[in-house]
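Each in structure tokens, the structures are laid out below.
Each of the next two complexes has subunit A plus one more chain, namely subunit B in the first and subunit C in the second.
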Partner chain A sequence: MEFTVSKAELVRELSLSQGVVEKKTTIPILSNVLMEANGDRITLTATDLELGIRCSCPARVKKEGAGTVPARKLLDYVRLLPEGDIQMKFLENHWASITSGRSRTRIAGMSRESYPELPPTPPVVAQVPVKTLASMIARTGFAISMEESRFTLSGALLLLRPEGLTMVATDGHRLAYVQAPPAESGTVDQPFRALIPKKAMGELTKLADDAGEGAVALFSGDDNHLFFQVGHRLLLTRKLAGNFPDYERVLPKDHTHVATLDKAEIRSAIERVAQFADERSRAIRVQFVSGEVRIFSSSVEMGESEESVPAEYTGPDLEIGFNAQYLLDFLRVISQDRVAFQLKDQKSAGELRPAGDSVTDEYRYVVMPMRI
Partner chain B sequence: MGRIRILPDQVANKIAAGEVVERPASVVKELLENSLDAGSTDLRIEVESGGRRLIRIVDDGCGMLRDDALLAFERHATSKLRDVKDLLSIATLGFRGEALPSIASVSRLLLETRSEEETTGTSIEIAGGKMLRCEEAALGRGTAITVRDLFYNVPARKKFLRTEQTELAHIASLVTHYSLAHPAKTFQLTSGPSELLRVTPVGSREERVYQVFGSQVLEDLVEIGERQRDLRMPAPGVPPSEAISEYLREPEEPEARTFRLNGFFSRPQVQKGNRNSIYIFVNGRLIRDRLLLHALSSAYHNLIPPSAFPFALLFLECDAEEVDVNVHPSKTEVRFRHGSFVHDFVRDTIRERLMESRPAPTFPVSPRSPQHAPEAGQAAAQLPYSEFSQMVADQAPPETLPVGLSEHGGEFNVPSEAALPEFTLRAVPGPDLRLDFSAPPIEVTPGPQPSGKLMRHADPHGSFPPDALPPPDLSLSVLSALRPLGQIHESFIVAAGRDGLWIVDQHVAHERILFELVLKQRARGSVEMQRLLLPLVLQLTAEQQIDYARIADELHASGFETEPFGQRTIAIKAAPAALPASDIERILFEILETAEGETRGVSLDDLRRNVCASIACHAAIKINTKLDPGKMEWLLRALAQTDCPMSCPHGRPIAMHYSTREILKAFHRI
Partner chain C sequence: MDAFFVSVEELFDSTLKGKPVVVGGRPDARGVVSAASYAARKFGVHSAMPLRTAAKLCPQAIFLDGHPERYREYSERVYEVLHRFSPLVEMASIDEAYLDMTGTARLHGPPLEAAHRLHARMKADTQLNCSIGIASSRLVAKICSDQAKPNGVLWVIPGCEAAFLAPLDVRKVPGVGKVTDERLHALGIRKVGDLARLEEDFLERRFGKWGLALAGKSRGLDAGGWFDTGIGEDTGPKSISHEHTFSEDTAVVAQLEATLARLCEKVGRRLREHGLRARTVQLKLRYRDFTTITRAETLERPTDLDIELFEEARALFRRNWKAGAQVRLLGVHASGWSQEAAQMDLIDDGRHQRWQQATAAADKLRDRYGESAVSLAASLRGQFRERIHENPVGLPGKSEKKP
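Moving on to the complex of A and B:
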């Protein structure tokens, strides 16, 4: 295999593979990137067997073929080369020689035969704007639990339905639910339900950042994998196995009382008061009284703090304990200026939603209270 | 003629002998107790063939008058008791009047005794319970009893005797422990030509422990000092023995009964595989008592693993009326009138002292100790894979293993101890790290050269002042002054202190901090609870269901809001706030597991500690977690403030100390 490729293009595509390449690998070949030259393009593939990415860029191919080289080393080296063309040639012993200007390097590679084969892409079932996907991921990802158990999954539920896309994530204490409006949901040919692992969501966000305005992800899935094709890049991930908790049971049907607040005010108030909350539980007490919301914290060791924020609230006086971190996670991610705090009583779930005119989709965040 | 008849004394004595004289050691025990009761200060014990052929005890006690000497071999003849009321307050070791006739009925016995009041002594010879001879003899004051051919007329019992070595070991351990209980007396034990024990009178128990066990053991022990607690409650209590309950005087209870506890117990790092190293004396009597054993283990609860046992020598003194020794003819069991008070007193005293002493484990490092190489290899094998652990594993030279085994074979045969680091608390003055520049140059004091190869002239690398050093404060309170240097394997904090290097296991350290925090919150009743989005439904086994029902209240108080949810199913609605939701299922089953089985009878307090330990363990930072310096510092400071920073609630050590002295030694600077 022999080809010439522009340094900038190679660096850009290689960078995308870095998040996928296994760092603490037990299988040496997985720290390599597979390079294939075909027609007028080269294709780069990286995988850790959970997640795979395949990118391509134009190249002048002199001789078709394939080979693998250490992904990290290749990127570190190529990045330092001056702008311009890079010539790569794979030798008989699987080594690759890289020539650029006056630099000549030979890098130890491994046989292409031992590189795992990515599963074939099934027919496309939906076309989804990547910006929509990225925004949904940003607004649910923080609620994913770190560890998996029967009760929680380290990933989010993605629902593709003709009426729109839905993403739900939970860690057992809170749940984030986003439903994109049909106008932003692209076209869904066939309803689909899938659990996306947390790591794949991160890579998907990276792809979305790198994709141009209006880019669309072609979504498909087979029994075990999910595929997102964005332009000439393909991200595929193993599906999460397990049952996602019955989120519809969790979403409150009715709320007796609503407090509407200024997001910036309540956010900074909580940030300040939470300094005096217990370091582990981050417990604060939130008191809803007519016309304002008060926040309290106290810890035996450090002291106590309280603050009040004006609010549109007409319900009865209520005091509920919450984890400050959970509230802040939501307040930090929404773009709207107003936030609605819906509640029922001390023992029932509280719900936060962005409020105001600029709300176009349905974003609901359910937080369970604490007993303090 | 009826079929029932009264057994002749001969037979009755043999039956009693079955209970009292089980093995040669029981003979020694009975005779030794008689000598002690007689006020002897010099006790010599000779045995041959593990006591089968000969047991001879010579004392300088009060001796016996001739008539008494004859009477002593009658059944139930004793000088220690007069009427049944005396049974309520037995101050002597013996009282049953059974030992001598029992022993005499199964052996050839020679008694030689002279009391102060008589000018001549008495010599009596008995074989198989029959008196052969009784004559006047010229003897010194005191009593000498020679027991030959034990069980010569009871072949069945003789068959059950173990090897000479085993029987001798029992005798030796018995004499050793009586010698510990009576530091002011001389004890001498010889087996044939060899002397097994010889201790001269000393002023304190500590000195006696040193005489018997040596300095190494003494360093691992904590002395209780004299602790006492008064029992004030005029509690009715259980009558000491039902047979004499009718004679109990009506509650004309004295205002206060004082219990005193003295003795030694090991630091938590010393862990024994069985209870054989626990010796409990109640009013000078060596006993095996479940109540006191339990008190001891609960004092160590959360400090050493449940399967390990400490070394302990406990001397409990109390009013003779508070304890009933008339439980079994062998007198190794007692009953306390106020059992729970005694239990709590012993447990609290030991626990308090354990907390106060806060000893720090040290590394068993010495420049030439090949046995650590295989340990390093083992440790590396258990560590998460990393370049370093790989390196450690690679470097552990395999050929050192046989060397270590051959040189330290004995140590390796005892896994419970070999696996554990060795702990010392030698009060060695460690050099101060702060060098005084203005001080005149200090000559290195010429010490014994460890080997000819090491040339130690004036050290060109600068020397440490060898004296004028503060005695090292080896208690873990110094933890707060430590400066964290970094982490090993993102699991262990390495920290420098004034007195050397410390390595702290971050998980168990945090676990200890949280454990005490959770306990405190629990005590205050201010447990923070996080409600769950969806109740977590758990399926229990029938056994777990029963355990759950028993501990449901305690679970609730600890922050688990649970409720029965149909047949053998419970729903968890809320859990302690510090726990991640994904762990709740595991932790609840873990708690149920600790609540079941042998601990079923465990006190509520222990259960609570178990629950808190489980919560703390799951909420604590894990190993393989990167910590920034601020966090490490916080962890060390918080650890220093805990009541017991030396081991985690499950008994694992938290911090290891490598003293400056040991570092200097390892680099051949001292």
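Moving on to the complex of A and C:
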């Protein structure tokens, strides 16, 4: 195999594979990127057997073929080369020679024979704007549990339905739910329900960031995998196994009281007060009184802090404990200026929603209180 | 308190008076003596001795199972009396307490006078005899009250502590047990005075921190471990545990697991009484040949619920028990208190909450009708008679705490 490729293009595509390539793997070849030259393109493939990515870029192919080289080392080296063309030639011993200007390097590779095959892509079931996907991931991803326990999964539920895309994530203490309006949901040929692993969501976001305005992901799935084709890039992931909790039961049907606040004000107030919350529990007390929301924290070692924020609130006086981090996660991710805090009592889940006219989709964030 | 359990038994059955009485169980039962009357002690019977040994030494003794609930009730009465003499009372065990009398001279008079008034008040209110040691440290007071028994009052005048301690056997020092005693003997140290003559550095090299504590103790100072805390200062329990020795070794899974359930209920009950939630559950398992293993597990969520303790303890048991091996003793130990505000669950099958409600209801019934009024079905076959012990001489003790 022998080809010439632009340094900038190679670096861009290689960068996308870095998140997928295993850093510490027991299977050495998984640290490598598979390079294939065909026609007028080269294709780069990386996988950790859970997640796979395949991208390509134009190249002048002198001799078609395939080979694998260490992904990290290749990127680290190529990135340092001056802008311009790079020639790559794979040798008999699976090594690859890289020539650019006055630089000559031979990088130790491995035979492509032992590189795992990615599963074939099944027929497309939906076309989804990547911007919508990325925005849904940003608004649910933080609620995914770090550890897997009885009631949680390290991933999010993706629902493709004619009425729109829905993504739900939970760690058992809080739950984030986004339903995109049909106008932003693309076209869904057939309803689909799948659990996407957290790592795949991160990679999907990277693909979206790098895709152009209006880019669409062609979505498909087989029994074990999910496929997202964005332009000439394909991300595929193993489906997360397990049952997603019955989120509809968790979404509050009614709320007795609502406090509407300025997002920036409440966010900064919580950020400040939380400095004096117990470091482990991150507990703050949130007091809802007429026209005002007050926040308190205290820690035996560090001290205490309180702050108040004006609010539209007419309900009875309520004091509820919350994990400050949970509230901030939501307040940091919404774009709207106002936020509605819906509550019932000290023991029931509270719900946060963006408020105001600019709200176009349904974004609900349900947080269970802390016993204080 | 003097021969506390036996004295309480005598209040309910005056025919026991003056006779050799042993509390702890039947003479042929496995287990140890909880308490012995002075008449029984003359035959060499003492607490913590196997019942069968006691039966050999004193076959004519009257062996009683005992009434833990009576002892606790009387212990509370004792506390009431003590509390009238000083606000700073520390119940070191069910039948032992320390009073900080600092600043009470105007109210109660000089030390000896105050002690005699306390002694008389105790007899009048509880009909029980006690012995009082007065000293400038808890350590000396404890040793001194031991010397004052039975029914006496002894005051070690400040400055005379070392002189008082010097001729005593090192075993009289709280915290010096069989092991330390043997190690000290190996150095030729038998009396507290011998210990006091040694350099602190030497003891520290030999025994580490404990050596420093020993040096302090030998001079009559409160030193080491619990003695470093103030009187009545509530440091709270560091762990809560219960264990049970089977009257006959068993390898019957149903019985072992039932006992485990019972132990967890006892641990859970005390956790709730103290308002604590444990992060760590430990299983103790002793086989017939006395090999003992302990295995611990950290819980995903701290708990004070019997059922959750039991599930963890049972899982530990199933993983670690050599199936079919005869078990002599089982123990459940909870530790690692979680004080932090508890994050409630959004997604739960409601089980935790339902158990919480059920357990709270069960506790109310237990408060009213006794500990065995309600129990987990799993523990029904694991009922065993509660054993309670007077504080053995030589231990500072910290088993029962009063609010």
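We take it that the second predicted complex is superposed on the first by the 372 of 372 C-alpha atoms of A that agree within 3 Å, B and C clash if a C-alpha of one lies under 4 Å from a C-alpha of the other, contacts with A are read in each partner's own complex, and residues count from 1 in each chain.
Note that in this section a contact is a pair of C-beta atoms (placed from the backbone, for glycine too) under 8 Å apart; a residue touches a chain by one contact, two chains touch by 3 or more.
On a predicted model such as this, the values are computed, not experimentally measured, just so you know.
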**Report entry** subunit C versus subunit B on the shared subunit A, clash or fit after superposition
**Finding:** clash
Query raised in the report: Now for A:118: first (subunit B), second (subunit C), both, or neither, which partner does it touch?
Result: neither
Requested in this report: Could you say whether A:146 touches subunit B, subunit C, both of them, or neither, answering first, second, both or neither?
Outcome: first
Report task. Could you look at A:371 and tell me whether it touches subunit B, subunit C, both or neither (first, second, both, neither)? Result -> both
Query - Touched partner set for A:215, first subunit B, second subunit C, both or neither - result: neither
Query - Greater residue coverage of subunit A in the superposed arrangement, subunit B or subunit C - result: B
Requested in this report: Classify the contacts of A:138 with the two partner chains as first (subunit B alone), second (subunit C alone), both, or neither.
Outcome: neither
Query raised in the report: Can you list the residues of subunit A that touch subunit B in one structure and subunit C in the other?
Result: 149-152, 170, 172-175, 245, 250, 278, 280-281, 283, 321, 323, 347, 349, 366, 368-372
Report task. Spell out the residues on subunit B that touch subunit A in their complex, using ranges where they run on. Result -> 385, 514, 526-534, 536, 561, 574, 577-578, 580-586, 619
Requested in this report: Give every residue of subunit A touching subunit C within the complex, in rising order.
Outcome: 149-152, 170, 172-175, 245, 250, 278, 280-281, 283, 321, 323, 347, 349, 366-372
**Report entry** List of subunit C residues in touch with subunit A within their complex
**Finding:** 300, 340-348
Report task. Provide the residue numbers of subunit A that touch subunit B in the complex, in ascending order. Result -> 24, 145-152, 170-175, 245-246, 249-250, 278, 280-281, 283, 321, 323, 347, 349, 366, 368-372
